[in-house]
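Shown next, in structure tokens, is the structure this report addresses.
By letter and in written order, the chains are A, B, C and D; residue numbering begins at 1 in each of them.
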Amino acid sequence: MKMLKVSIMGGSGYTGSELLRLLINHPHISIDQITSRQDEGKCVADVFPFLEGKIDQIFTHPEKVTFDHSDLVFFATPNGVAMRYAKNLLDQGKKIIDLAADFRIKDISLWEHWYQMKHECPELAQKAVYGLTEINRDQIKEAQLIANPGCYPTAIQLALVPLLKKDVINESSIIIDAKSGISGAGKRQDTNLLMSEAYDNFNAYSVGGHRHEPEIEENLKLTTGNNKIDTVFVPHLLPMVRGIYATIYADLKMDTNVELINKMYTDFYQSSYFVNFLGHDQVPQTKSVRGSNQCKISFFKRKNRLIILSTIDNLVKGAAGQAIQNMNVMFGIEENIGLDIIPVSP
Amino acid sequence: MKMLKVSIMGGSGYTGSELLRLLINHPHISIDQITSRQDEGKCVADVFPFLEGKIDQIFTHPEKVTFDHSDLVFFATPNGVAMRYAKNLLDQGKKIIDLAADFRIKDISLWEHWYQMKHECPELAQKAVYGLTEINRDQIKEAQLIANPGCYPTAIQLALVPLLKKDVINESSIIIDAKSGISGAGKRQDTNLLMSEAYDNFNAYSVGGHRHEPEIEENLKLTTGNNKIDTVFVPHLLPMVRGIYATIYADLKMDTNVELINKMYTDFYQSSYFVNFLGHDQVPQTKSVRGSNQCKISFFKRKNRLIILSTIDNLVKGAAGQAIQNMNVMFGIEENIGLDIIPVSP
Amino acid sequence: MKMLKVSIMGGSGYTGSELLRLLINHPHISIDQITSRQDEGKCVADVFPFLEGKIDQIFTHPEKVTFDHSDLVFFATPNGVAMRYAKNLLDQGKKIIDLAADFRIKDISLWEHWYQMKHECPELAQKAVYGLTEINRDQIKEAQLIANPGCYPTAIQLALVPLLKKDVINESSIIIDAKSGISGAGKRQDTNLLMSEAYDNFNAYSVGGHRHEPEIEENLKLTTGNNKIDTVFVPHLLPMVRGIYATIYADLKMDTNVELINKMYTDFYQSSYFVNFLGHDQVPQTKSVRGSNQCKISFFKRKNRLIILSTIDNLVKGAAGQAIQNMNVMFGIEENIGLDIIPVSP
Amino acid sequence: MKMLKVSIMGGSGYTGSELLRLLINHPHISIDQITSRQDEGKCVADVFPFLEGKIDQIFTHPEKVTFDHSDLVFFATPNGVAMRYAKNLLDQGKKIIDLAADFRIKDISLWEHWYQMKHECPELAQKAVYGLTEINRDQIKEAQLIANPGCYPTAIQLALVPLLKKDVINESSIIIDAKSGISGAGKRQDTNLLMSEAYDNFNAYSVGGHRHEPEIEENLKLTTGNNKIDTVFVPHLLPMVRGIYATIYADLKMDTNVELINKMYTDFYQSSYFVNFLGHDQVPQTKSVRGSNQCKISFFKRKNRLIILSTIDNLVKGAAGQAIQNMNVMFGIEENIGLDIIPVSP
């Protein structure tokens, strides 16, 4: 098939470099532009030594580049950037996948509250398709603009949607205790992210409220049509680099046996290559998904309560991998092409 | 004051070496015997190179030793050992602190179910005092036999007791999402505990039920007199060595403002040196207690729900430190003597 | 092309699971048998959860299996196993790649000294080709039996051979300070390999002599014809899982400028896909090769002394990856097929 | 005895907080001022949560404070600060211990070359005593201004001085392969120090030359009177927080048996509480000194070459601990007071 040409806006962070890791070996892709303000003019492989010998490109400045030859532009930029470029690119017929948060929430005042800036193109937020591939595959096929989900929301919604759709769990009983590797915080010069601070340490953060909480709730409501959904979400920082692990507690509406719940998951994900439902009484681990696009889900039943476990690699299924999965769907490429990666373990 | 003579049964594991680390610098203690089957005849400092130059003792065989000169014997042995030695030692007038689980649960059939062995002296389980120092200080003063609490139960009960005593939280709404460093699993040759397996990894374990759950529930009931207490407890394994972190979710019985809850904690712990209540909207971290006997507690209020955070070093406040704190109380020594350690950070 | 059928003897350790990770996605391979004494009858994916959904095979017992349908057998067994099976398999026309040490040293008495057992087929040790692909490619093409090099010897010889062949360094001045991740020690139940011991720790080991030292010296002599080669090799254990890093100190025989040394390396490795020579005054890092088959080499010149840096992933280029690279060469498959992996970073 | 009053200039970094950890429990010390530009007005315990409940002080601005009540001022400031304040304080009769590099090198042009700034009081550099306690104890007793050694220089010189003084090793054969935990780089907002970068990674750095190299060479020459000393020093960054490990290679001038070398070390360090010489064929590990002021040294003899191993905690014996050891010596306090810490292990 014809090679797609894709560009990356903001290629010098961790989602940018992860897009590169995955795109370089994608058989139907050629990489057009990779932009970076801070690294303009540098060889990509000098900034990312693990790409040495794998890529020849040079970082270009986002204001000095055109995407005339690109079919698709990935935005791996900070929040608030894609919304300034999107309209123009869409008008040129380009497709866009934004890995930041600009188009993840339809309720603009809610978005503006959590992201503390004015939204510059609310109308596109309405048109954007939320790129949780397994849930919105049909809309993604037709989409021109994709809001790629956050890392926590991906792990959590994949665990909850099959049960919420069947209306078996009490929508106001959901407690999400989530843990993330530090790469989720990005490549920022921040004292809290220093090795000396984060190694051999563990703590909760944003306990009073985290930006991914409104994203989860709004999208769960849209997906299930259930507006009573109300969750508590507490994120924690793990002393490691990659991995999201969500432990979700939810009460059953009525007694439902484990086999029935097993069936809800297996039916829901029967044609989803990247979701491994492990069954009940199984325990996934982050290492079993590291470096791959897999999501592993299992659950336990304790009296009338479910404990659901879900894990992904935040940089792959939680960011760059799901973005490429969405790209595949948008362009009619088989979903697992370029993403059929086996986790690195041990 | 007169030097106390103390012995350690089973000194070659992590709780044993942690007792040594703390006892060596205790001004009122001299160490009598340290036993070990596997290391009999070896210098303690050869088995634990970090004690090089700090201790001259040799490991003795537990069957070849008498405790005639000891005032107190610590059991840092596997579960099921102390119950075979206790009666005899108590009859000789010795005091005992068992760091294993033999005397932590009064309901013997419950104990036998969870520990999968026959209890050899159920009557002593009834007489033993549960050594959660801040809760049972008065009984500990008079006790001859102490059941030193488990690591999870210490962090969790210290967080819950002040509120359960005031009856402000719904006793059946309690969800405990707990995380532990790997030293809690001991110095066992087990593939799952290998660095290659546990490094850069995270997972839940014993989700279907963990031995610390009945310990927590029984002792919370005994402490508060509230028999409706019913908890869900899910432990997780952190990719680090020391530290317990409990994130506890509980519904308020009626709307209670944060200042009132602050007051419940500060009143309860006003004369407890080792509990640092941080107030509301604060986040403790494991690194701030590492190597020390401190417990740090804080909470958040989200609508009608509390999120309580509690952290300790599992080998200190969760094991050897609390054992020595109990020893101090039993012998009329000021509680913080030998334990006034500042955490090592970063 | 026709699919090759390959089997793995001893598939339950880390080199075994790494062979699987790489072979599953190899386009020209089908996996025949995977043996394990301890895991006989279990699904491979149950023992290695990261392979869930990627492999259907069941572990077979090594004594209950035939390799009639296999073209090649990998031995990922402990030292001393392959030498008991090799003759029989070779007589059946099978090819063998031994990832253990049985055939790495031609001097049998030296081998027996270091490995503390009697060699059971010395004549095959003479016939085996040492599988350092970049050095012995032509012999590997024709070989029926490959001795896959150790992890340290791979990183070290790739750094030294280009210069020793040109006779520019003093062969008795070579000091090798090497560091390894803990997966190099295998999946053994050994107290020293526990997370509680190895995390946040660093130390030298086998300072008095390590088995890889005679392997390095003998093979460097065979490769270069220089029998005066005499090295000091001190290994260290890093608090991480994957990665070998060798810092090599060597005196120049005569003053040689850096450009000339650059040329020696670039000429030597110009058609070697997996060796990235970075040039002088560059510093490789283990993370830039993690999970991949790359070897990164650079050097510094300080007065008359070279400091050469070389890094590989011990489980890939230092074990399973190089084994598959050798397989490719033996069967006329392009060398990088199935191995064109980009490191996982960060 | 009378309580000493000490102040800390620049207390918001890792050497500052480590001074606090150690000084708070020192029985003869009260802490006067702790300065910090960035944290002025904040509670020390808010900036360092591990000190919660242990200290009441507030950070003061260095320009708004006087040290009238201080007997001693520690400088835990960046390089180049102490030299601007020292003269004035010394004139007021204060004693100074500089934990930065301002007074470590007597050759001012050498210092200016390596530190890339003009030295503002070269005459004090001449008067300063180099605070390697075990080597310069007598001069330290009388000193008013101490240049506290760097972390690498401490571990390395303690290992080399006893042998260089006896002139048994070839002074131009010395190769030092050194490894450090990341806290040695300080609490700087630097991308390379991020957890995402440094975790699960290892590399050499400053291979072409590191500032500690001239410090080591000059001080070894001054201590031994041997001006032919010429070393190669290559530092590496370990994926952990605390710990220096030096592997030192040196040729013997003539064949010297191990017992004689043992004796050189034991004689030299017989009254040095903080140096544990382990003897030959022993291997120290960083974990055995973590959090403590110990230095552990051992060696191996291979043919005519010694391999010497030396380890310290870079923040304690390599910085704050040695500073307090020097303070004790300066004020006639027993050397180990306040420093008799047992390492935290595991």
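By definition in this document, a contact is a pair of C-beta atoms (placed from the backbone, for glycine too) under 8 Å apart; a residue touches a chain by one contact, two chains touch by 3 or more.
These figures come from a predicted structure and were not determined experimentally.
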| item | value |
| --- | --- |
| Interface sides of subunit A and subunit D: same vs different residues, half threshold | same |
| Chain pair with more C-beta contacts, B-C versus B-D | B-D |
| Far-end chain from subunit B, centres as C-alpha averages | C |
| Whole-Å separation of chain centres (CA-atom averages), subunit B against subunit D | 36 |
| Computed distance of Cα centres, subunit C from subunit B, in Å | 46 |
| For subunit D, residues that touch 2 or more chains besides their own | 14, 183, 196-197, 199-200, 239-242, 284-285, 287, 290, 346 |
| Subunit B partner contacts - residues on subunit D that touch it in the complex | 14, 17, 21, 24-25, 48-54, 183, 199-200, 241-242, 276, 278, 284-285, 287-291, 294, 296, 340, 342-346 |
| Touching residues on subunit B, where the partner in the complex is subunit C | 14, 182-183, 185, 187, 189-191, 193-200, 239-241 |
| Complex contact set, residues of subunit A against subunit B | 175, 177, 179, 196-197, 199-205, 207-208, 232, 234, 236, 238-243, 245, 247, 249, 281, 283-287, 290, 300, 302, 305, 307, 309, 311, 346 |
